[in-house]
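Two complexes are shown next, each including chain A; its partner changes from chain B in the first to chain C in the second.
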Partner chain A sequence: MTALGLVRAVGIRLAAAVAVLFGAATVAFAALQLVPGNPVAVLLGPATTAPPAVREQIRVDFGFNRPVVTQYLIYLGHLARGDLGQSYQLQRPVSSLIGSQLGSTAQLALAAIGLAVVIAVMSAVATAGRPRLTAIASTWELVAVSTPSFWLGIVLLTFFSFRWRIFPVAGSQSFSSLVLPALTLALPIAGVLAQVLREGLEAALDQPFVVTARARGLSRTAVRLRHALRHAAVSLVTLAGWLTGTLLGGAVLVEVVFARPGIGALTLQAVSNKDMPVVIGVVLLSAGVFVVLSTLVDLAYLAIDPRLRKG
Partner chain B sequence: MTAMAVADPALLTHPPVTGDRTRRRLSRPGVALAGVVLVLLTLVAVDPGLFTSTAPNETDLARALSGPSGAHWFGTDQLGRDMFARVLYGARPSLLVGLGSTVFALLGGTAVGLAAALGGRVGDEALMRLVDVLLSLPPLLLALLAVTVLGTGTVNVMLAVAIAFAPGYARIVRAEALVVRRSGYVEAAVGLGLRRPVLVARHVLPNTLGPLLVLGTVGFGTSVIYASGLSFLGLGARPPSPEWGAMLSEGRDFLSSAWWIGVFPGLGITVAVIAVNVVGRYAQQRFAGRAR
Partner chain C sequence: MVPRPANQEALTFPAEPLLVVDGLDVTFAADPRSVPAVRDVSFRLDRGRCLALVGESGSGKSVTARTLVGLTGGRSTVTARRLAFAGEDLTAFTEPRWRTLRGRRIGLVLQDALVSLDPLRTVGAEIAETLRTHRVVPRAGLEARTLSLLTEVGVPEPEQRARQYPHQLSGGLRQRALIASAIAAGPDLVLADEPTTALDVTVQAQVLDLLRRRKQDGAALLLISHDLAVVGGLADDIAVMYAGRIVEEGPAAQVLGDPRHPYTRALLDAVPVTHAKGARLAPAAVRHPAPTPSGCPYAGRCPRSDLRCRDQLPERVVIPTRPDVAAAEPGVADGRPTVGTGHAALCWYPTVDAPAVLDAVDDRPASGAGPGVGRPVTAAALLEVDGISKRFRSPDGTSRAAVRDVSLRLHPGETLGIVGESGSGKTTVARIVLGLLEPDGGTVRFAGRPWGGSGVREPDRRGRRRHIQAIYQDPLGSFDPRYRVERIIGEAAATAGVTRAGRGARVAELLEQVGLSADLMGRRPLELSGGQRQRVAIARALAPGPDLIVCDEPVSALDVSVQAQILDLLAGLQSELGVALLFISHDLGVIHHVSDRIVVMKDGAVVETGEVAQVFAHPAAGYTRELLAAVPRPVGGRTAPPDRGASTRVVVTTPPAP
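And now, the complex of A and B:
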C-alpha cells in the first residue's frame, strides 16, 4: 500500500468514525427532546432534591431558554470537548462514572467473546461436513440461540452457585466470579458463531484446494485447521466483531442477574431514574465501541486474507 | 459509513439464513413437533383454563416454596402460588408483547424502507444514514433508550422492542423494494401509466412482503426474548403478573432454596422461541427454494 493510499484509508476511516459518533449524539439529543415534560425536570429525574438555584443553573448551562438548534449546537460543543455532562442522580461527571465501571464490563465482554469463539470453532471444526455430528451440534446451537441469556444466568446460578457451591453467587472480585457471567453471555453468541462458521467451513471444504492439500499428504484435521478455517474466518471475525459490540447491551441483563457492578448496572439504574446524561453517555460509548471494533475487524481481514494487503 | 466492514446486522439479530446445505438437516419430525408446540402454546395463550383449573394468583402460604409434586407439577412459589398455572397464564402476556413488537417493527420498518427506496435520493440518504446509526447501537441499548423516553410499562416495552428491531427490517425492505422496482413487471406497469400510489400498493409492496414475513417469524422469537428481558429488569410487566420475565424477576430472591422458581418460567420462553425458530427457518428454506 502506498503512503498516499494509507493516508486516504485512514482519512476515510476517521471520517466514518466521526459520522457514527455524530449520528449517535444526534439520536441521543433527539431522544432527550422527545421526553415529555419540562426538560430541567427530565434531566434531573424524579428522585431529585435539587434546589431552585441548581435548576436555574441547569437552564442556563443547557440553554433550555434558547431555540432547539442553539441547544443542539451547545450540546455538540460540550461533547466535542469530551464533556458528557453531570449525572444528577449520582452527583458525578458522567465520564468518570462510565470510566469507573468500564473495566469490569470490558473484562466480562472480552472473556465472553473469547469463550464464544473457542466454543464455536470447536463445535464447527469438529462437525463441518459430517452429517451425524452436525445434527447433534445443530441441536445445541439452536437451543443456545433460543435461550434468553438472563434465564441461562439464573439457571447456572441456581445450580452451580446455590446448590453445588462451585462458583461465588455475586461480585466481581475473583476470577471464579467471572466464569458464570462470561459463560452466560458466551453461549448464545457461540451458537450463532458456530452456525455461520460451519457454513463457511463446508463451502471451503468443497473447494479443489482441499483435494490438493490432502494429496500433498496433509491429514484431514490439518486441512480443516490450516486451510478451511482460514477461509471461513472472515465471516467469523465480522460476526464476532459485531456481536462484541452488542455485548454492551447483553451485559445489562447479565450484570443484574449476577449482581456485578459495571456499565450494564449503571445503565439500568440510569434508565430507571430517567438519568438522561448517563443514558446518553452510554449510547455514545456504545457508538465509540462500534467504531473501534469495526476498525479492528478491518485490520483482522488484512491478517487473514493476504489478497487484501496489496490494496 | 459504508466503509465500515461490519456485517449486515439484520442477519445477526436473527439466526443466519441457511443455504443449500442445511436444507436436508431440518428433519420433518422436528418441524412437525415444533408446529405442534406452537399450536399448543397458542391454545394456552388463548385460554389457559383449558389446561389447568388452578388460578395463577391463588396464594396458599401453608404450601409456599414446595417442590414439584403430583399436586403442583412445577412446585409453588414464595406465596404458595401454583407455578404450573402461573407459567401457563404467563404465555398470553409474554407472547402478546413479542407479537405486538414484531408487528410494529415490521410496520415501521416497511414504512421507512419503502420511503427510502421510493422517496428519491435525498430521502434515501437521510433515512438510511439514520438506520445505519441505529444499527450501530446494540438492540437492547436502543430499547433501553426508548424506554427512558417513553417510560416503563407493558405497552412501552412493546414499542421499545419494536424500535430496536425496525431499523433492521427497514434495510431489508429497502433492498427488496429496490430489486422489485427495477424488475420488468414494474417497468411494464409504469409504461401502462399506473399512478405511483397504485403501483406501490399493487406491485412493490406485495412482492416485498414475502421475505419480510418469513424474517418476521424468526424475529418474533427474538422479540419475545427482548421483551421478557425488559420485564425481568423491572421495566415492563410488573408482578403479580405471571409474565415470564416478571416471574423470574420476582423469584430471584428464592433461587437458593427453590430451583423450580428460576427454571420453569424461563423454560416457557426457551421452548416457545425454539419452536418459533424451527418453524421460521423451515419457512425461510421453503421460501428460498421457491424463489430459486
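And now, the complex of A and C:
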C-alpha cells in the first residue's frame, strides 16, 4: 500500500469515527429532551424546598431557558472541546467520573474476554470434527450460553466465596477479587465463541489444503493449530470484538452482583437518578469504544487474511 | 522418528518393487449402499517409473492415492492382501508411523494450488513446513533450502516469491510451489492427483515436465488424471479405473495404441484434439439395464455388453503384445512391466477389434455436417464486434487493459471459438457480448442493431436479451440452489412467452432435447451430477429460443467422457436449431473440435483469427504455434490412426447368444 493510500484509509476511518460519535451525541441529546420531568428538579433532588428564585437561577446557569437549538449547539461545542458537562447529582465533571470507573470496568472486560477466548479455543480445537466430543462440548456450551449471568454469579459466590472461602465476596482491590466476576462473564461468552469457532474450524478442515498439510506429515493437532485455527479466527475476532464493546459499556448485572465499581454501576446509578449528563457520557463512551474496536477488528482481518490486503 | 526397518525387509524381498498394491479394497461406511470405492486394485511401481491411474470422477483413483498416505479418512475401511512401501507393510501402520512416511518418503500433490496451499500462509512457509516437520535441514538452513527448492521447480525470483501468498502467484507458479512443498524432503514416491487440471495448456506442459524430471531423478511417480492425453507423454504404465476397479492396465504404449476395454476406447475417443468438427466424441448413448452387483460395472454403459456381462464379473484377460506398438516404448522392451503382468483387460470381449469397428463418418445424425461447416458465409453477420476495448482499475490505482481493440464477426448458425490462456481477456469479451459490461470504446451490433457501446440504452436492449443466452463453467453457481429443475428452466421459458399452463410440457421437451429424462424435473441442482447440471444449463439457455449462445468454458470442469457428451450435445443442437455459438475455452482441443472459425487472444488482443483447420495446420502467429506445441496428445499411434483418420467409429457388435 502506498503512503498516500494509507493516509486516505486513515482519513476515511477518522471521518467515520467522528460521524458515529456525532450521531450518538445527537441521539443522546434528543433523548434528553424527550425525557419527562424538569431537569432543575432532578438537579435539586427530591427533598428540596428551594425557592423559585433559586430554581430560576439554576435554569439560567445551566442554559435551560434558551431555545433547544441553541442548547444543542452549545452542547456540541462543549463536546468538541472534550467537555462532557457536570453530573447533576454528584456535582463533578462527567469525564472524571467516567475516568475513575473506567479502569475497573476495562480490567474486568478484558479479563473476561481473554478468559472466554482461551476456553473457547481449547473447547473448539479439541472437539472440532470429532462428533462424539462435539456432542459433549456443545452441551456445556449450550448450558453456559443459556445461564443468566447474575444467577451464575450468585452460584459461584455461594460456593467459592461463602462455602469454600477461596475468593473474596466483593470489591475490586486484589487480583483474586477479579476471578469470580471475570469467570461469570466469560463462561456464557466462551460458549458462544466456541460454537462459532468450531463451525469455522470444521469448514477449514474440509478444505483441500488440510489434506496437503497432513500429507506433509503434520499431526492432526498441528494442522488445527497452524492452519485451521487461523481460518476460523476471522469469525472469532468479529464476535469477540463486538462482545468486548458490550462489556466495556458496562456489565451492569455482574458489577452489581459482585459489588464492583465500574461503568455499569455508574450507569445504573445515573439512569435511576435521571442524571442525564452522565448517561450521555456513557453513551458516547460506548460509541467511541465500538469505533475503536471495529477499527481494531478490521486491522485484525488484514493481519489474519492476506487476501484482504489491497495492492 | 521411528527407525525404518526398510533395509532389513528389503533383504527379505529382494525383488519387490518400491510400492506393491495387491487386492486393495476401500469402503466408506458412510455410503448407505456400502459399495466399495476401490475394489481389488493391484499394481506395482518402482523407482524411476511412472504409473498413471486414469478414470472419471468417482472411479476410485483419488481414493487409491489417499490410501497410500493413510488419508482416506476415519470412516473408511482399507483392506488389502498386500500393501507395501519399501518393504514395509502399510496396513499395519499407526498414525505416528504414517506421519514419518508422509512428506518424507511419499509426497502428495493435489490439483489447484489456490486451495491446496493454505491461502493464509506464504508459499515459503508452506514449503518450509515439510522441511521443519521432518527436520530435513537445521533450522538455520530452512530459508536457504526453501529458496533452492523454489529455484529447482523453476520459480523465478525465489526470494520474492517465497514471501508471497498463493493468490498473488499465477496458476503455474503456485502449482510449482505446491510441488516444491511435496518434494521438499526428497520423497521416493510422488503421488500427483490431477496436478495439471484447470491449468492453461502451456503451464500444464511445464508442470508435466517438472514431474518428468522428478522421475528421471529416480522418484517413483503415481500420476492420477481423468485425461488420457495428459498422461500419455509421461506414464510408463497406465491403469484405467472404472467404478473402483482397474479395467485395463499395461504399458502405456500398449494401452493407448491397442486399447481393448470399451471404457478405455471411450476415454480415448473423448479426447477432442484428435477429432475434427463433426466427429462424435462420446459413444452413442447406451442404455442397458444396470448390471447386477456381481456383474461387470461398465455393462450399463457398454455397447458390447450382454447378459453375461451383467451377471458375471469378467476375468482378467492378458492381451498379447502388438509388436508395432510395443517397439515404441523402451520401458516395455526391457521386459520389466510394472503393472501386474503386462497388458490386461477386465472384459469378456476384449478382442473385438478392427473388424467390428467401422468407419462411418455420416452414420450418426447427431452432429455430422452442421450448418456452420463449410457453409459459404454470405448471410449478414449476427454479431458484429468492432474495435472494443475495456480497462479495469486495479486496487493499487493503476488501470489495466483487459481487452484491446478486439473485433469479430459471428454469422447465424456458426461457431466462433475464442481461445486464450487465463488473463487473455476472453471472458471480458464474453461479458461485453452478453451486454453485462459496457466497452470503453468500440461498438457491438447484434442482428443488425446496436447492442453494446456508447449510445445503447438498457431499456432498448432488455427486450432483445432473450436472443443471447449464456452457459458457464460452473452451472451450480448460476442456479438458485433452492429451485427445482422445472422452475430453473421454466423461468427461462417464460421469457419466451410460454404460458404458465404450457410450461411443464415445454420444460419436459427441453429436457428431452438435452438428453435428460423428464423425471429430473423435481430435482434440485445439488442432486444432479456435473454432466446433468451442464445439460440443465443448456436447456435453460435454449428455453427462450436464442439466436446466439455464449459458452464460457462450458466443459472445463467436466471429466473427459462427460465433456465429450456435452460437446456432442452442443454440436447436435446447433445443427438441429441453427443457433450460433460463441465458444470460449482455454483448451485448444475443445476449441478445435467445436469451432468453424477461431480467434486466438493474448493479453487482451487478438493475435490470430481464421478458419479452424487453417489456423491449426498453419498457425501464423508465434504464440499460436507455442500453444499448439503444448497440447498433450495421447502417445501410441492413436492420435491419427492412418486406417481410421478422424472419422467416427461405430461399434457394431452382435453380442454372442447368452
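List of remarks:
The rule is short, and it goes like this: the second predicted complex is superposed on the first by the 285 of 311 C-alpha atoms of A that agree within 3 Å, B and C clash if a C-alpha of one lies under 4 Å from a C-alpha of the other, contacts with A are read in each partner's own complex, and residues count from 1 in each chain.
The definition used in the following text is that contacts are C-beta pairs under 8 Å (C-beta built on N, C-alpha and C of every residue); 3 or more make two chains touch, one makes a residue touch a chain.
As the structure is a prediction and not an experimental result, all values here were calculated from the model.
In the superposition on chain A, contact is made by A:216 with chain C only, not with chain B. Contact with chain B, but none with chain C, is seen for A:301 once the two complexes are overlaid on the shared chain. With both structures placed on the common chain, the touch criterion links A:230 to chain C but leaves chain B unconnected. Of the two partner chains placed by superposition, only chain B is touched by A:157; chain C is not. When both complexes are overlaid on chain A, the residue A:166 reaches neither chain B nor chain C. Of the two partners chain B and chain C, more chain A residues are in touch with B.
Contact with chain B, but none with chain C, is seen for A:286 once the two complexes are overlaid on the shared chain.
By the touch criterion stated above, chain C contacts chain A in their complex at residues 66, 69, 71, 95, 99-104, 106-108, 110, 112, 115-121, 129-130, 133-134, 165, 167-168, 178, 181-182, 395-397. Partner chain A is touched in their complex by these residues of chain B: 1-7, 9, 12, 15-16, 18-19, 21-22, 25, 129-130, 132-134, 136-142, 144-149, 152, 221, 225, 228-229, 232-235, 245, 248, 252, 255-256, 259, 262-263, 265-266, 269-270, 273-274, 277-278. Partner chain B is touched in their complex by these residues of chain A: 12-13, 16, 19-20, 23-24, 26-28, 31, 34-35, 131, 134-135, 138, 142-143, 145-152, 154-155, 157-159, 162-163, 169, 192, 195-196, 199, 202, 235, 238-239, 241-243, 245-250, 252-253, 256-257, 267-268, 270-272, 274, 276, 279, 282-283, 286-287, 290, 293-294, 297-298, 301.
Looking at the complex, you find that chain A touches chain C at residues 1-2, 5, 207-209, 211-220, 222, 226-227, 230-231, 304-307, 310-311.
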